[in-house]
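Worksheet: one structure, shown below.
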Amino acid sequence: MAGSTFGTEFRITTFGESHGGGVGVVVDGVTPGVDLCEADVQKDLDRRKPGQSDLTTPRQEADEVSLRSGVFEGKTTGTPILMLLHNRDARPGAYDDIKNKFRPGHADFTYLRKYGLRDWRGSGRASGRETAGRVAAGAVAKKLLARRGVSIFAYTRAAAGVTCESVDTDVIEQNPMRACDLQAAGEMARRVSELRDAGDSAGGIVECVTVGLPAGLGEPVFDKLDAQLAKAILSVGAVKGVEFGMGFDAANMRGSEHNDAMRADGFATNHAGGVIGGISTGEPLLFRLAVKPTSSVSVEQQTATVDGAETTIRTEGRHDPCICPRIVPVVEAMTAIVLEDFFKRQVALHA
Amino acid sequence: MAGSTFGTEFRITTFGESHGGGVGVVVDGVTPGVDLCEADVQKDLDRRKPGQSDLTTPRQEADEVSLRSGVFEGKTTGTPILMLLHNRDARPGAYDDIKNKFRPGHADFTYLRKYGLRDWRGSGRASGRETAGRVAAGAVAKKLLARRGVSIFAYTRAAAGVTCESVDTDVIEQNPMRACDLQAAGEMARRVSELRDAGDSAGGIVECVTVGLPAGLGEPVFDKLDAQLAKAILSVGAVKGVEFGMGFDAANMRGSEHNDAMRADGFATNHAGGVIGGISTGEPLLFRLAVKPTSSVSVEQQTATVDGAETTIRTEGRHDPCICPRIVPVVEAMTAIVLEDFFKRQVALHA
Amino acid sequence: MAGSTFGTEFRITTFGESHGGGVGVVVDGVTPGVDLCEADVQKDLDRRKPGQSDLTTPRQEADEVSLRSGVFEGKTTGTPILMLLHNRDARPGAYDDIKNKFRPGHADFTYLRKYGLRDWRGSGRASGRETAGRVAAGAVAKKLLARRGVSIFAYTRAAAGVTCESVDTDVIEQNPMRACDLQAAGEMARRVSELRDAGDSAGGIVECVTVGLPAGLGEPVFDKLDAQLAKAILSVGAVKGVEFGMGFDAANMRGSEHNDAMRADGFATNHAGGVIGGISTGEPLLFRLAVKPTSSVSVEQQTATVDGAETTIRTEGRHDPCICPRIVPVVEAMTAIVLEDFFKRQVALHA
Amino acid sequence: MAGSTFGTEFRITTFGESHGGGVGVVVDGVTPGVDLCEADVQKDLDRRKPGQSDLTTPRQEADEVSLRSGVFEGKTTGTPILMLLHNRDARPGAYDDIKNKFRPGHADFTYLRKYGLRDWRGSGRASGRETAGRVAAGAVAKKLLARRGVSIFAYTRAAAGVTCESVDTDVIEQNPMRACDLQAAGEMARRVSELRDAGDSAGGIVECVTVGLPAGLGEPVFDKLDAQLAKAILSVGAVKGVEFGMGFDAANMRGSEHNDAMRADGFATNHAGGVIGGISTGEPLLFRLAVKPTSSVSVEQQTATVDGAETTIRTEGRHDPCICPRIVPVVEAMTAIVLEDFFKRQVALHA
């Protein structure tokens, strides 16, 4: 099965490369009769676009969305919604060096092995730019979820070795790291700037919490809520792991300690992260993901040419020293897409 | 979309509950003309079945597989293979107490919320017994992968607070914890026994390494190799997280440090865990999963009745004090199922 | 994608061959809390089973269904339902002659070309026996549809050159041809008997009408109601064509004549057969299918051996002289499966 | 499952309405490394576009395709191909009358019932204009099939009561009816013109033959070659039936007459139409489809308003008096899409 389509009842198909004719998405299965305009979508795209701060790539892309179908007189019609973004700041000339060398940490080598040829302008289809389509689709999903009282917040929990001690969702959009703790955010920014100036990059941990979910979402046994979310999150470039609730720390707990006791009014704790047996518990849905440090660094690295010779490379150019702040809206988008699909599937089961 | 089917070209559908008429699987898309007999499948089922040692539940299930279709004169025909296991050690009477109480950590509450009713014998469909079908299907996938030179090894990397320092795949089947280090295995077994005797349970970390994979497997952008594996692994009960290569530790690394340099003869390191851009690199595929401590514990716990009253519960009975040793063959099975599917999809793309 | 699974929210997977360990089906996505027992299913299986009359094959198969999972205390649980039928009247010895010869009209040649080997006992997976699983799944779908006020009637409209002039659904089960007109039924039976006695066989036309459907079912653009039904019906062996409403006769009509005028209380005519633009109109859903004459005939036929030599063959044995009466319940089942799925999908869209 | 995606390994997703921001398609799963340019696609789009002759609608649409992604340096990259067509000759003003009235034979009523609202400009998503995306995708499939030696020819076999006696594929593009017999073509054209001048329309029969197919394509049991083609063909608007080989005439044949005898060098006849048991036989694949007369006629018709009042309507405007000539490239496209998918699936099965 071709791999650029995701979801069942609420279903998205993305297309496009970092250079060339643009990127975008087709969203199918959208509830008809819901208000939707480009501004609804642009809001989230602006959180993902480059050039937001001096902690993101200075690459310039307006990332203006054009909504081409599936909406009539300001309302969704239930038919596929095409959203298109043009590529503007394309500089293929800047990529001549990487045409013949594999950039360490990038998908240059694996794409060539998979396809037998590759679009060496930027990262082609493997570019983070593909996620603009996901964010656009996620904005549609968020509109539908808002009607259900569901809210999703992702934020940088840790980066460059600095961890947020507290979680204040109000401050997320007030700092360029999209951290959940202003004090930690300042220290993160300082360290990320240092790494950037040294031609290097930082990784981090992004956390996502969803509130307002009812109990009962998720489809046993393979399409468990956490399983489908894990796929959605790992499908985002640079993500190397995901954990729910206590996650890897659960490995060191005793059962009597990890189990969430139940009270008459709900769960006493939420070690499970809002999902048990692959079905939502009604508690906040909580997961974290590991974000690797940006592969593009300008310090010299050992690599090979496409012809198999050893060489070195410096990935000069305009890159994010830490991708966490820009991955935050992508994580929210993928979460929204998964959740909206499960709402529809739950209703279908009981129909 | 109903959730008991997994995979595209190599596709499995499981069915069955812990009590009642048995469990099993239909495997569709199997390469025709391959030798297959029940013994091939039984071998892995025996590694999953209860009662293997005093560190697993003493529940008795022969778990004998009956291969009912899709094989003719000892060879696969390319048509669906039904494999069926009867339930023998079913004691519905033993579950009277849990009929009206939610067991903490179990899916009792979420299933009731999802479906509006639940099969309260054992865990019904949420039982780990469902994974017998996966192991049977995985055994078929392993047969196909063996022809490709691919081998999969899962093992307990840590449990009950004890971590294996070294990895020796030869010792996995020589100790009841299926740990990869005999010295650590002994200490693990001791601590797990203590917890069991105290009516409690332990969690752990299972690691899985696959060797012999070529570069080029995985389908951008949503069906990335690691994304699909993450779904497969999180779809197994008790798993709370998954990470590839350096995983969550990557969050604290610099880009120049995390990137795997390339040499003329391949990668210098394997921090990526064998997958970049969602496509295999040709290096060993390596991931780890967090296993929560078994939910069934006999120490008294706070919980609620189905009618919303507060009460306490002791989950007496025959339970695994640590599920790691029995989850190992399930992890191998899900990995095999994912990989065989991607082999077929890669060939289809280039056809 | 492996081809033994059908449907999305209401989804079935069949397995099994005419000989060997039996046939059956897994049904996933069934609404939980609905009364279901084996007798509900057996009723339709009895209409499909061999040996019902002297116009069907004398092969003896009790076709007793065993319901193994997904039902608890007489109600569906929302988890997969396994239904299993054993093969009893298997006489592999009777097939020695056809092991090395291709039977004209059968899938012997095409299966060998597709798979490289074939199960030559009976027709293996290509046997009409596979449809028992469909009928069992269809019985479940019918239970769900009955709650919606939907009824499906299929019947033999024509066979052996005799056409029913009128449609009386009350007489369908009163005659062995399952014809909708008793007078025609008698003449059909006479001609079919003659053909049987001459070692030959007859084709026919089966018609299916569904009443009680609301307007609005069907998913543009590829999963149109008629498109999905066409697939479902053509997936049944021996079917060579399908048409909706006026069908092929529409080719000779003028637009002003074919269009169904609308009145305040609905459509004035139903030339469309209850579907326009791939969506149900609320009028009775009406389609017809062409059934080829049974391929197994005992008159001598020219054919080839598996080694490419020319030879002759007489397909002796126990065959249906006209498959129409037994295809009727299969058509109803496939229709029910398609419709139940679309009900669920329509609800999902609007959720 | 949302309904605008079709296929598995070779997979298309269409979007767009007759008015608004254009129509198009995303094609995923395309073999990498194959030459592809816009001219390859434009060629078939020109055969579908309006205004080709005085027997098609005089509506003016250049239907120029813009190929936006998935192609690099003239070759496919294996990533999704976006093809976009703008809407130019949109005259929403011309549709004021139909905003409040249901046009007989159109999907106005059913779309409103399904979605609760509808885009009343033209036929919105139900417009035949959506098929431009299919034709574009089909052109890509044809390029891939050409490498396999497969050729597809569709043509008008009958229209307005005139039937072609002979089949000469060389003349198809030489007459505006795309008929396969020049003599019949002239008579057809005359009658269609008369109907057009009378404000009425004609239906017809389109036939499609594919040569160069090997034996062995098609996936039992639900995804049979003919079943999947039937779905593909019935998913095209205006199609009311499909039949393979002898089709509905098979109902009147005896088994000994219908069975295709086999010779050492293949089949003696092709009554089956190139498919037995849902798998290709290697003989030419042959099917026919019933095309209803165009619903838009300017003679006065009885209908209802959206408010349920009785009224009359004349669908003035620019419509095809017979859609057969323009449906021909759509039929070829859908056939190509289905076949390319099955080629890939057959290779996957045997991998």
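Order as written gives the chain letters A, B, C and D; numbering starts at 1 within each chain.
Heads up, the rule we're going with is that contacts are C-beta pairs under 8 Å (C-beta built on N, C-alpha and C of every residue); 3 or more make two chains touch, one makes a residue touch a chain.
Keep in mind it's a predicted model, so treat the numbers as computed, not measured.
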item: Which of B-C and A-C has more C-beta contact pairs; value: B-C
item: Equivalent interface to B-D, taken from A-C, A-B or A-D so that over half of the residue contact pairs match; value: A-C
item: Centre-of-Cα separation between chain D and chain C, whole angstrom; value: 27
item: Separation of chain A from chain C, taking each centre as the mean of its C-alpha atoms, in whole Å; value: 46
item: Gap in Å, rounded to a whole number, between the CA centres of chain C and chain B; value: 38
item: Multi-chain contact residues (two or more partners), chain A; value: 1-5, 8-9, 14, 29, 32, 78-79, 114, 116, 125, 220, 345-346, 350
item: Complex contacts: residues of chain B adjacent to chain A; value: 1-6, 8-9, 14, 102, 104-107, 109-111, 113-114, 116, 123, 125-126, 130, 158-159, 161, 195, 199-205, 214-224, 226-235, 237, 240-264, 268, 272-273, 275-282, 290-297, 299, 301-304, 308-310, 345-346, 349-350
item: Chain D contact footprint on chain B (complex, rising order); value: 1, 8-9, 29, 31-32, 78-79, 220, 343-351
item: Chain A contact footprint on chain D (complex, rising order); value: 1-5, 7-11, 13-17, 20-24, 26, 28-29, 32-33, 66-70, 72, 75, 77-82, 84, 114-119, 121, 124-125
